[in-house]
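Take a look at these structures.
Both of the next two complexes hold chain A, though its partner changes from chain B to chain C.
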Partner chain A sequence: MSDAMTTLVDRTALPTSHRAYQLYWACVVIAMAAVTLIGLQYGWLRDVPEVLTIPVAEWINVAMAAIVDRTQPAFRALSWLLAQPMHGLQAVLALLPWLTVAMAFAGLAWVASGARLAVFAAAGLLLTVLLGYWTEMMNTLALVGVSVPLSIALGFGLGAAGFLWPRCRRGLDLLLDLMQTVPAFAYLIPILLLFGFGPVVGLIASAIYAAPPMVRNTMLGLSRVPEGQVESGKMAGCSPAQLFWLVRLPGAMPQVLVGVNQTTMQALSMVIIAAIIGGFDDIGWAVLTALRKAQFGQSLMAGLCIVFLAVMIDRITLGFAEKARVHRGRAPVPLLRRRWAGVALLVLLSLPVGLALPALNEAPANSVIAVAEPLNDWLEQFLITHGALLATLKTQFFYVVMFPLRAGLENAVTPFTWGIELTPTLIGAYWALAALVTLGLGARSFALGCAALFVFWLGYFGMTGVSWVALTLFMIALGGTLGGVRSALLCASTCLFFVLTGLWDLAMLSIYLCAMGVVISLGLGAIIGGLAAHSGRLSEIVRVVVDTLQTMPQFVLLIPFLMIFQVGEFTALLAIVIYAVVPAIRYTEHGLRKVDPGIIEAARQIGCTPWQILWQVRVPLALPALALGINQTIMFGLAMLAITALVGTQDLGQAVYVALSRADAGQGLLAGLGIAAIALTSDRLVRDWIVRLQTRRPVPDAAMGPKPGPR
Partner chain B sequence: MTKHFQISTLAIAGLLALTGVPAAAFEPESADPIVLPLNEWTGQHVTTRIAGETLKKMGYNVEYVTAGYVPQVQGVMDGNLTVAMEIWEQTIQEHFTRAIDSGKAVDLGETGIDSREGWIYPAYMEEQCPGLPSYEALKECQQIFATPETFPKGRLLDYPADWAPDNDKRLEALGLDFVAIPSGSEGAAAAEYKAAVAAKRPIVMMFYSPHWLFAEADPQWVDLPESTDACYEDASAGPNPDATHDCGWPAGWVRKLAWAGTEEKWPGAYRFLDAFQIDNAIQEQLVLEIDVNGVSQEDAIAAWMEANTDTWQAWIDAATE
Partner chain C sequence: MQPVNAAASPIDEPDLAPVKLSCRALWKVFGTDPEQVLANTSDTGGRQSRIRAIREAGHIPAVSDVSFDVREGEIFVLMGLSGSGKSTVLRCLSRLVEATAGDVLFEGQNLVELDDKAMIYMRRHKMGMVFQSFGLLPHLTVLENVAFPLKIQGVPLRERLDRAREFVSLVGLEGRDAAMPDELSGGQQQRVGIARSLAVNPELWFLDEPFSALDPLIRGQMQDEFVRLQSQLGKTIVFVTHDFLEALKIADRIAIMKDGQVVQIGTPADLVLRPADDYVRSFTADVPLVRVLKVSDATVPGPVTPETGLAVAPETTLEDLFAMHDFNAGDVSVRHADGTVMGRVTSSSVMSILHRAMMRDHGSKDERPGG
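Showing the complex of A and B:
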């Protein structure tokens, strides 16, 4: 997940056309076939034997108990210390009339960006008041108000350390990757044990989760300060400390502020997730309670309030970051000063007005506009009318796609599901077809043939049925092909991790669910992003939808699907798709749009049809950006996987969630690390693949796609 | 004169009781807030708020905070939360025992709710699967309960995973080829049950009473082998000679878990909470009012407090004598 694509092509990674490689893959295929065939007789080749697993989770728990016993007083003291500013801020926000707080935000928006944003902020806050979520929102704000500075300080410190001591950067990169990919559910319990019950748990969790963008942007900003500036600082006789604070930091400021923006957004999203611990009556709890009661309307409204808050904070911080970039080194413009003064005056004036008029002082505790109930009724009506049809669609999709992928055609094809019996003749025909397709495609491209064979193999045995030895062999070979020895080692250690921890089956279920979600998201993303790249108006609409989907708390996305399709994997799949489609759309559109218009024009002039331009010019040129999109789609899918435990899945995400509820820190951490391992491995492989694409098809400026990482 | 004095005292006391000012001359021992956790389901909110409002009548400073069902145990042990009003035996007994053993929390006895847990099904399933309510019938008709996700096994819609259910053990011990699918949330389970009833679809689900679902959908209980202590310790007990957990659930207790320092800090409140009991009827009525009729919790509880002055006054008198 490192930002800059600095991964160099490993010299051990050769092109697939190379004869040595074809021989190597032929060996791999034969070995996999042998293992699979022998595995039909010897079960331990197929399912991970229990003797191989070691009780790591228990060890972690023992270690955890020892650590907690010794360090608890220190952590509890820290916890108390952190709770003070939060409760203080909460008390102040509760004391102020809502009118004053809303004024302050609208004013801030006005100074940061202008009248449009001010109107937007005012409207959003008014809606929050009317929907009855004001108190909850202010509590959330108090939480974010403390966790963000904490996160920023932590991120800045780590980023500066990473810049000043390049030797720590390796370890730092790994740390950041883990912070972003281990689902928060996994570390909520250790935090709970150390810091004690209360909102501080959410505070710490969001500080951890939100710090990485700050670290990365700080490092990036500091390293991009022009050498000339630093030199002139040195010549002016700056001490190292002066050089850092007075020369480098101001130069890096715009990038650092981008980090502040991203960190704020992530903190906001994590605060919602951490509400599962409770203790603060914040908006996340409101969403969670509505979810538990399956109240679609209420949860959607609470979610909408969060979207407003998130978009508002996003635009305000971006506005200030932009101002810092433009006005770097200059005195503040008089206009800006006057605006600040105006805002201050308005806020001060609103105070007595708000205190005098109860309606403007105290926000209602319950919604005064009836939106939620009609929404619920509408959904119920929809269910009664279309429920049966949707259930049939779900069942069909499950039989034809999901079940075979999970358990393999060998289990999925039964008279009950497909209406036919899987006879030896049919099995023979299947493998004959597999051989034909493999050879046919293999004649055109060796890699394609191998891929086809792999798909047939996977289709027959299913994710949970394939031999673990064979799959491990395949992953190592794939890693070696794409990225060389180091990627192969990474693949091997990931597989080994799952074998030793006994999480293999859960990992396969996670990959099955996530991979399906990612493929569907990519398909949808390609269509929607492709269309949006061609139409400005559509692009505008898509952007609003995509922004909303991304800032909506992930919990909320579960509910409509839950109501329609009930508890289970299908619902989880849809929830994954609706979240993971965001980067798929973004990167597709971005990639296609960024293609040099000159090349398109040239293609048009030599007489290409629009279809040819798309497939033979735009797509190939956009491929690196598209590949980055694939990478991000996988990350988003995995992030959602942990959340879908709430609608009843059976994978690593559920293991994390169950561990959370049983206060089993070891199991939770292990399963969480498992998800992180899948994320890091797939990230590495996709990146290796991008590098291969670039070395094969050099495209100027191709690496300059939007930065990865959520947002 | 004396008589007149008495009457006026009574009148004032009555007036005070009506207006909600502490009635007796009881002085709370500490002004620090008694913090009561509100978990994720309405029944618990009702129990907690009735206790909390009564404590307020006694003059205590009461604070409600939202708290996850399992994380709250840690909160009680640390004294951040004062009393968790509903700890259900079947769900987090393990955490409860651990908390008591640590010496940081004490058991305040039962809440007074008779809980029943087990598998429920809609009445029309007796036509589709003759032999119900006996659990043995489920062996014969597991295919009816199979869904795409679980096929060929039957599907038992389980508690949310964070309630720590043990149905996987029981299904195996009882020889039922079913998969327990965690429902993720109580609302999801209830919603799915209602949807199934509307479409007359097969469903068997892990659930508990008291719950408003019983008033609305009239589910039936599956008959399971009686729960005994031996069933959990001795494999030979119960129908399956080789496994423990081959039985249903005991009529469970629902207990109150208090921070160990409660008695010392708020002796009066401690006595009240220790003696406090409500019953299924009160809870069911209020839950129906809140969840089905859409009355806000605060209003529903306030109305109840007003209508049942005698009840809570008796609690207070008992605690302050």
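Showing the complex of A and C:
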């Protein structure tokens, strides 16, 4: 995170009030230094004193108990009601021969996209049958089959309401932000308390979790219907209802379908994670039990089935969305109709065939192909041969990079870890170096000097060791510089939230792990995205990999790292990086590519070398897009952070996870809100930064685009 | 043939068609509290001081005190540059934009006072509108787009498709029934827009810069076809454009707008021969006079001597007259379509009208804003 901040401070020093900012930050630096020095003597300046914490979690639990007491019958009834269609779907899917279900999916894939996807779907489903996960897969499908329509209906309703009544837009935005940033584990707890145990909880949680993209895309689509179409509808004499259903909604349909695709994928991802509450023999549960038994081969195979399912559903829904965009729902109609008819015929024909032949009817309960066991053996062999090396790698990285960042050099440098003692001379040398670098950089740019000092300070004391008062001061100053009073207030209240709830240390651990993951992701993303922006072929390869990574449910990403590096923060870090690198790559490539070719041509004509074109032209012009990429990377990192609680972290995510196992709604909600607070604060700060960038450097198409025709 | 060449030259006055649409003291003010601001100011100090007062209150008068009448079967053009408020006036007439003050009378009924239901009835049965951006629904075929207003009215499927087909062929798009809008060129898309606006057989036809988004060559063709269509249909038309030559080509009368106000209303010849101010003159300066001036402008009373046997209609342009007649052979009689003789055109009457037009141009050449 510190790298990002360096740039933040640098870019926002407004030339007009340069002096004032320098004075302001000089005061902040002096105050932070004073607090840190005095804090060496008085511990309460450094660690949050317990007297400040308020037992909010207990209050929530009391309130929750009261609510549950009064409303439980109603919620239980709702739970029963929702369970019916799910069990019905489950029963139907279990009754049908697997051949028929596979046929139906392959046919759907064919209509949606073509023969390639149909073959892919058929192969994936066949593999699922052979691996013995068919029943589990069908149970997952039954869950998804109920939660997706629920989520889509919820999302569409909220989106349409947000469009029709702009007054509720602000409240809706906040609701969406919370739905997306509070980890789903956290709101599983109250749902669990209200609805009782069972798969319905997962269903409801996934319906809530997956709704935001539908809401956003619905609102976006509806508001982007060209004014000319709306006016022509009005002049045709549409009543308000006709205008909405016959003009606005069809116009917004392509965007709405993009929402359907995203919502479906998120619901699937959540349904699989929700398996941790168990009770429904689904594919997520299969992965989890295998992981708990350390059967990595089995978990990997089940994970593979999930990836197949996810990619298949993604491409099918995307295929329909694409059709709506390109052909506006009207490919050569007779052809489409004939395809549908053909699929229906095949599915019907497969029914008697499947019922007649047991091999095509009942899917095997266990794997008929021996993959998992050999895989386990291979892994064992691999760990025996390379285990020592991997362990060394992991430990060294932990001692040299992770531990100092977490606990500070003052704690990390010991004869045991670094082989040296942290003597007063060394400490003196460290701070002398700090002063030298700060002054050196400060001579070039004041902000850069401040940032360097901040990094040295953070490095010495570590995320968990820095004074909470000093860090709060810094955050408020940063918020004020980037976004003014409101952002400063947001930073202050986030810090205050962690102080009062006693979650400060956990929050620091979350930020430490997430920030490290984000910085690594950004580095990787910059390199890969930058290279991909220059080479068409590499771009193709990267796109396939990135698309697949994004389609995978987050849960599955844990498996390979868990296999090789076992539980621990290192594994969590790798999982965060592999998930958060996706937006980093995407936005880097997109930002660098979309720079106006006319400007590049002009730069080449002036005589810029390729390197100069990159740094002097492309990067500055792509900055707003790159900043947006940083923002998304942070959001992805935080989302994955909550999931990595499964592999043993010690942060807020873990607190949520522990609370879930204890059904402790108060603790879970607070820790969940904590993660949301971190997400919303960093989102706000990065957005403030983007606004700064854009007001200084107007986006080309907004400033120079064609003027609307004369009126 | 237009049924009535309304309000043109003084000689025509007696057979004016009845007023169909009337716009009275229309205001559209943008800002936080436009009604109040407009109510707080008054006309007593004149329109300009009222506009100034509105601006001082932090509001923007987009349309200021606009009044005009449109007669039955007339093509009335609102012409002005970008930001002159012409499109806003049109939208106030159809109530796509609600006027801040003023009345819009249609056959004596005040549209501004109609409730939503009555307004929907009005739009379904009395009005058609063509948009600069075409406004076609991208998910419907050409035929379905044209049938859309009928569907909204609840006309049964078969009947509405039959009627839509009729209008599709009226605009020359036979055979493209099943095409989607994005498969058509701009000109073809606007033909669909025109067919759709006509499908309900409206009495009022609003066109908002219908040809501005088209290439010059296509634009010319479409203008010709529009004139041909109107000669068959005889609708009452309000046509918005920023192109003065387009206005001259199609208009019976033109209202020139500037900064939300009407500067001058008149026939094309009026504007060319008697521009109200330098702003109007700046538009008319480069217009080829012989294309704007009509035979009726050069007509003098009295019988033709000596009789040459040639008679022309009063709305013939001088350019066409020169093409068919050599004045060395004598004068030409001017005769209405119904056979009544209006007067005659002589070489000296033509010379004098051209001279008058050119001298008003010449005399003020140096003051022309922007030349």
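To be clear about the criterion, the second predicted complex is superposed on the first by the 653 of 711 C-alpha atoms of A that agree within 3 Å, B and C clash if a C-alpha of one lies under 4 Å from a C-alpha of the other, contacts with A are read in each partner's own complex, and residues count from 1 in each chain.
Everything that follows uses one rule, which is that a contact is a pair of C-beta atoms (placed from the backbone, for glycine too) under 8 Å apart; a residue touches a chain by one contact, two chains touch by 3 or more.
These numbers come from a predicted model, not from an experiment.
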{"item": "Between chain B and chain C, more extensive residue contact with chain A", "value": "B"}
{"item": "Which superposed partner A:Met253 touches (first chain B, second chain C, both, neither)", "value": "second"}
{"item": "Contacts of A:Leu383 with chain B and chain C, given as first, second, both or neither", "value": "first"}
{"item": "Partner chain(s) touched by A:Gln242 [first = chain B, second = chain C, both, neither]", "value": "second"}
{"item": "Touching partner for A:Leu573 - first (chain B), second (chain C), both, neither", "value": "neither"}
{"item": "First (chain B), second (chain C), both or neither touched by A:Pro226", "value": "second"}
{"item": "Touched partner set for A:Leu291, first chain B, second chain C, both or neither", "value": "first"}
{"item": "Contacts of A:Lys234 with chain B and chain C, given as first, second, both or neither", "value": "second"}
{"item": "Common ground on chain A, meaning residues reached by chain C in one complex and by chain B in the other", "value": "none"}
{"item": "Chain A residues touching chain C - in the complex, by the definition given at the top", "value": "226-229, 231-239, 242, 246-247, 250-251, 253, 327-330, 707, 709-711"}
{"item": "Residues of chain B touching chain A in the complex", "value": "37, 39-42, 65-75, 78, 80-81, 94-95, 143, 147-149, 151-152, 157, 160-164, 181-192, 195, 198-199, 291, 294, 296, 298"}
{"item": "Chain C residues within the chain A interface of the complex", "value": "81-88, 94, 96, 120-125, 127-129, 131-141, 148-149, 151-153, 180, 182, 193, 196-197, 200, 206, 209, 212-213, 242"}
{"item": "Chain B-facing residues of chain A, complex", "value": "76, 192-193, 196-198, 201, 275-281, 285, 288-289, 291-295, 365-366, 373, 383-384, 387-388, 394-395, 398-399, 402-403, 414, 416-417, 562-563, 566-570, 645-648, 650, 654, 657-658, 660-663"}
